[in-house]
Amino acid sequence: MHERNGRRLGVWLVGARGAISTCLAYGLSGLRQGRLEPIGIATAGPAFAGLPLADFDELYLGGHDVVRASSTASDLVRHGILPPDLVAAGAGDAALFEARIRPGVLDGPDVGLAELDPESSRLGAASQREQIARIAADLAEFRRAHALDRVIVVCLASTEAWREGLPSWARLDDLDQALDADQADLPASSLYAYAAFTSGAPFVNFTPNKGSDPAALRQLARRAGLPHCGSDGKTGETLLKTALAPMFHKRALRVLAWQGYNMLGNKDGEALADPVRREAKRRNKDEALRAILRDPRLHTQVGIDFVPSLHDWKTAWDFVHFEGFLGARMSLQLTWQGSDSALAAPLVLDLVRLADLAAARGEAGEMEHTACYFKSPLSGSTPVEHDFHVQFERLLAYAAGARNET
Amino acid sequence: MHERNGRRLGVWLVGARGAISTCLAYGLSGLRQGRLEPIGIATAGPAFAGLPLADFDELYLGGHDVVRASSTASDLVRHGILPPDLVAAGAGDAALFEARIRPGVLDGPDVGLAELDPESSRLGAASQREQIARIAADLAEFRRAHALDRVIVVCLASTEAWREGLPSWARLDDLDQALDADQADLPASSLYAYAAFTSGAPFVNFTPNKGSDPAALRQLARRAGLPHCGSDGKTGETLLKTALAPMFHKRALRVLAWQGYNMLGNKDGEALADPVRREAKRRNKDEALRAILRDPRLHTQVGIDFVPSLHDWKTAWDFVHFEGFLGARMSLQLTWQGSDSALAAPLVLDLVRLADLAAARGEAGEMEHTACYFKSPLSGSTPVEHDFHVQFERLLAYAAGARNET
Amino acid sequence: MHERNGRRLGVWLVGARGAISTCLAYGLSGLRQGRLEPIGIATAGPAFAGLPLADFDELYLGGHDVVRASSTASDLVRHGILPPDLVAAGAGDAALFEARIRPGVLDGPDVGLAELDPESSRLGAASQREQIARIAADLAEFRRAHALDRVIVVCLASTEAWREGLPSWARLDDLDQALDADQADLPASSLYAYAAFTSGAPFVNFTPNKGSDPAALRQLARRAGLPHCGSDGKTGETLLKTALAPMFHKRALRVLAWQGYNMLGNKDGEALADPVRREAKRRNKDEALRAILRDPRLHTQVGIDFVPSLHDWKTAWDFVHFEGFLGARMSLQLTWQGSDSALAAPLVLDLVRLADLAAARGEAGEMEHTACYFKSPLSGSTPVEHDFHVQFERLLAYAAGARNET
Amino acid sequence: MHERNGRRLGVWLVGARGAISTCLAYGLSGLRQGRLEPIGIATAGPAFAGLPLADFDELYLGGHDVVRASSTASDLVRHGILPPDLVAAGAGDAALFEARIRPGVLDGPDVGLAELDPESSRLGAASQREQIARIAADLAEFRRAHALDRVIVVCLASTEAWREGLPSWARLDDLDQALDADQADLPASSLYAYAAFTSGAPFVNFTPNKGSDPAALRQLARRAGLPHCGSDGKTGETLLKTALAPMFHKRALRVLAWQGYNMLGNKDGEALADPVRREAKRRNKDEALRAILRDPRLHTQVGIDFVPSLHDWKTAWDFVHFEGFLGARMSLQLTWQGSDSALAAPLVLDLVRLADLAAARGEAGEMEHTACYFKSPLSGSTPVEHDFHVQFERLLAYAAGARNET
């Protein structure tokens, strides 16, 4: 695949056969071959020059999935996302990646769904302790087989059914006891986080799933001295909202209503057609706006609909009704048409590089400087910030600080 | 009109019978009567608390215009901009303001246009020195009659025909010589700036006109120890652009094309139907985008069309075509529907208060901290910044500094 | 109110204090005074010249409502729908109309709601036979008091909770038996239709309510020799859909998905925030598209959300995803921003005039030629047609036929 | 390429290396191989069943072009228009078509442009009589070589510079005299029409070019007993306008302004960046709206901008400002995103089949029943009709008539 030069960084993708992973694999291959420019990858820009970030050449992909059928590259070509020549040139790399995908663990409510990897289904019968052990074993084998210096685990799995947190998730000791009794009832995403932290791997949660969010897991990360970040990649409509809503606030204009209608047709869209799964995503989308506009009277709704023909092309219409001076009522409409996976993949590359850097610098706990990448950023000591511009300034400040210390 | 309390600040509006002035007059009246909330007025917000800004009660309106017919309040009511009850309650204040409007000076190319105030037409025959003197005399009389502590001159006139600067505008001595020879050929907006500075009045240029931009006038301001700012109020589509374009840059997405189509139907729109007048506005609108995106390949066009039925409702459609990772082509569309005058009026109030504060603090020259209010901000020593969020941070920093010194 | 000239036609509005009725009353007043042009009134156009349609001068308004508070004209002024001068000039006519409004009957599920007319609440306790009798008595008194030649009953009430039809509604004899036993459980809209038919009045159902749709009521209309029409006025987004969808079908383009998102903020919007009420409206909106496009694979969804700040300004965004030759995927987006009441009122005037004409011509049963006015047109012998252009051709053909026979 | 079955119909494409021709060639190949459904081809639908229309198997492609470089299929694949597998499967057919392309004649103002076929440049020096003869010779050779029963000439060339008609174009005798004196100064499109008619070939003008529009050429067609049609294929935004504007007219709503902004990035877009070429297209687009709405006060503007990154994806935004009852001002916005070539190609197939049918039926002159295919339909005895729905009814009536006579 590529020469041994300097470091070897493993990137373990949970949801390795999904569209984001496919875009990531072909994109990485294209970057190495000089066929692609690093568009969408902020850490490849001048503001991050001089930092000891991993080269694209140093990344090794592997991952878990619970389905056998990959998001086919030809589909992504037909929908104008992957260029045909990139797919042809990346076939070798893609095959190597495919060979490193292992059967994943299932989220409880998904047990019994169609099209599952039989091995994943079998794993579903094991205790959560056993499932964690299985994940950890796969990570260890990945590290060993490729002589990796470090592995980053990235959760890109489908949206899990939303559920309230359990009391046992609040402290690590309680969680461990619950796991021993097989009563922890963690979502699969948190099993991965647990396994990552006990395997010495930083964890990136790009989904709205719980992942490393429960307090017990945050404790575990801190105890293991590992950085982690999440949740829910800010790729499209929410990015737009958090970049634009501050304008209304700064101009002292009163937003009366902000309605957002999202349509998407990929697997994520199919999962979100289920109201229980949609719930987490809606909460994340809603929260940012309220935090930025700080007006309790704000009327806001977020719709997410599955429109199969759109495939990976997320289309969102936002209607902003606002009041100006004299009570005059004005409006702004936004229509966003973007490929969800092509937007997400470069952010994952950024986060992998930043997680690796944080680990190298010995930082543990929530990577607060990555807030600009998430709809619902994990925060440790400081309050959660949603204004994209403020978030980005923090990232730049972090980069400047890291450069000075280097 | 209102009680003498503390200070008395004169606000001299050039273009006093236009729609912005009408909105300003009724709006100010409504603010004093407690009928309106200060929506759209950033300086009324918490970030500016504790600063010695003028109260709305302390403002006295007067102005110049070259036409006799006011933008009628009833038109603005019919188009849903002014509330009918506000107009009824503000009739007294409006009449007092109307009584203080004096015939203005004409921009050269406009001499001979229909519907002009005959006195303005007569003035057009005088030398530019005489015209400046006439403006100064009106300002002096305004100050005297109302015992004003300070007067701020605000240019809200129609867009002037675009013209290249003359060599004599580059140095104050040369300009004075040219004025003596009646060969300065200044646009009317610059005559107002000249008269303001020689009358001890700060100058706010809310239009794309030259105003205080020529170097000779900047020199005059500095010599007179007066602050000034401009040009071209950032009310709608450009505000949106400068708030949103940074998002693309920060995310390392490549904007391929940004097309903006503006439609408006008020007097400003009518003026802009003339390509020579439209030129300055287009330049200002274009410049910001190029500065923020820093990509020489960017394809961008700005259209401005006069659509009479829209009246004051500026409607703009922007189409942003951008490239993400893998070369995938995505798009964002924006439709902005706002009342130009209701958006502009509160910004004028902000700028009047900030100009008064700067004068009180003894600041002379370009008010760089007001860049967030302008499409083409006047800058002194620092480079021009177009990113709205950075501009606003500077304003906040200025406010914080001023508060600490107070 | 106006002189006795020729005929006197009563227009009895159910929902007389709603926004449509308010617009209708002021609009009619403006038409009579020559203050308004008949915009939006197709029957005032050349295609209907020479037909014995009622003059605007010949119409007398009265009606029922279950609430005491009128949709205030001042609200409609503030939102840019009613012109202030029209309201001033129409105050006298409006007062006369208000004096002729009687307490209406409540739809069963609404009994107990707040803000109801106490008399309407009392009526709710009576048997449905008694309620019908009460409506008929009000109609008789209206006819007598103003010496009317004919009365047309128009249902403009709020959307009723959706319910399945009962077996007893299928035949008039069964319905009468059920009414005798007070077990008919008719929605209020059908009580009005029943009372209209037994009072010799044609019935226009502008709402998605059942009205005269149940077979028993259709029988009653036919037996009484009276014309009727409905259901659900086609004012905005559905009008657009039925005017545009035929284009795709005629061009043999395959519509993959047609998503419609409707937002509205008036009383109708508030009622539709209730999923049980929304149901009927969604069905009507969905049905037309499927009928026109005739493709079982069509993916279509209709959202209706209550956004209070929009007041009467219905805003709808439609996204049409379609496939062209070569499998290329294309799209059309539509944003409709219209005042629901100002769109509806002229259609009601058209329908009143057409119902009067049909009655004068002795036509009984479903007025199939009015299909272009309805989302879910009542049809008798011929299949329901949804293509707006075909519907309109039928109306023109009817007009031509009626003109020739006259 | 395909078996001799029944008839052999030649399709001679002027502009054979453009994107429409490329789509047509691959599309036809896909239809024959059963890889494509006839989406976008109205004549393949049930309304045209039973008519003796040419089978897709019976069509043979050839053509002229003035450039050597084809619109590459790979570009159309990358932009999501041509499916990659269709291109692979159609490579053989495409090569056969390419081999039958001959150097075309240049429109006068284009002589000297870069990238031209040298042979086309040489031809530019010949007299127009000689150029016509050369075209006719190419047509004769095409017919002979493939033993074709009939040839249809279709103009798909770039938009020519707009010019006023000359007096000599008004009568055939005058035109012939002018050609003899080499002073006819016909645009290239009319040379093709002349050559087609003298070669016994029907002519389809899919461009805004003059083609067979001048009266002298119409005379020639009639004398030759040949059918022809044009001008300017109604593929996208104008199709939408003529399908939708009738709705406003029928509903008696007053359209105040209809602004249309078109952006496109293909060769046609590049040509239209030249104002002289854009002129014809703008006229055609404007005319339809005025004809349908019949309101002299209508304010309408059409913008056409070249945005290279859009390639073949025509993106148009229309803003319709209209007045309803009570003077309420409402709006409709439309955003159309379609592949110009994928929309045009199936219409060309329809027109070829209809021209062949008309010729077989012995019809001469303007094919008025094809008005629904054109922005500026050629009409003979009847007035031009622009309403898409009325146009389509005429086409159906023609089809029904032809079926009955068959």
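The letters A, B, C and D name the chains in turn, as written, and every chain counts its residues from 1.
FYI, a residue touches a chain if its C-beta (ideal position, glycine included) is under 8 Å from a C-beta of that chain, and two chains touch if they have at least 3 such contacts.
It should be emphasised that the depicted structure is a prediction, and the values quoted were computed from it without experimental measurement.
Asker: Provide the labels of all chains in contact with subunit B and in contact with subunit C.
Answerer: A, D
Asker: Can you check which chain pair, B-D or A-B, has more C-beta pairs in contact?
Answerer: Result of the comparison of B-D and A-B: A-B.
Asker: Cα centroid separation between subunit B and subunit D, in whole Å?
Answerer: Inter-chain centre distance comes to 50 Å.
Asker: What whole-Å value do you get for the distance between subunit A and subunit B if each is reduced to the mean of its CA atoms?
Answerer: A distance of 45 Å separates the two centres.
Asker: At least two partner chains per residue is the criterion; list those residues in subunit D.
Answerer: Where subunit D meets two or more other chains at a single residue, that happens at 79-80, 83, 323, 329, 331, 333, 335.
Asker: Using the touch rule from the top, collect the residues of subunit B that touch subunit A in their complex.
Answerer: Within the complex, subunit B touches subunit A at residues 23, 26-27, 30, 36, 38-42, 44-45, 80-83, 86, 239-240, 243-244, 246-247, 250-254, 323-339, 342-343, 345-346, 372, 388-389, 392.
Asker: Across the complex, what residues on subunit D touch subunit A?
Answerer: On the subunit D side, the touching residues are 74, 77-80, 83-84, 335.
Asker: Where on subunit D is subunit B touching in the complex?
Answerer: By the definition above, subunit D touches subunit B via 79, 256-257, 259, 261, 263, 299, 301, 303, 305, 307-310, 315, 317, 319, 321, 323, 329, 331, 333, 335.
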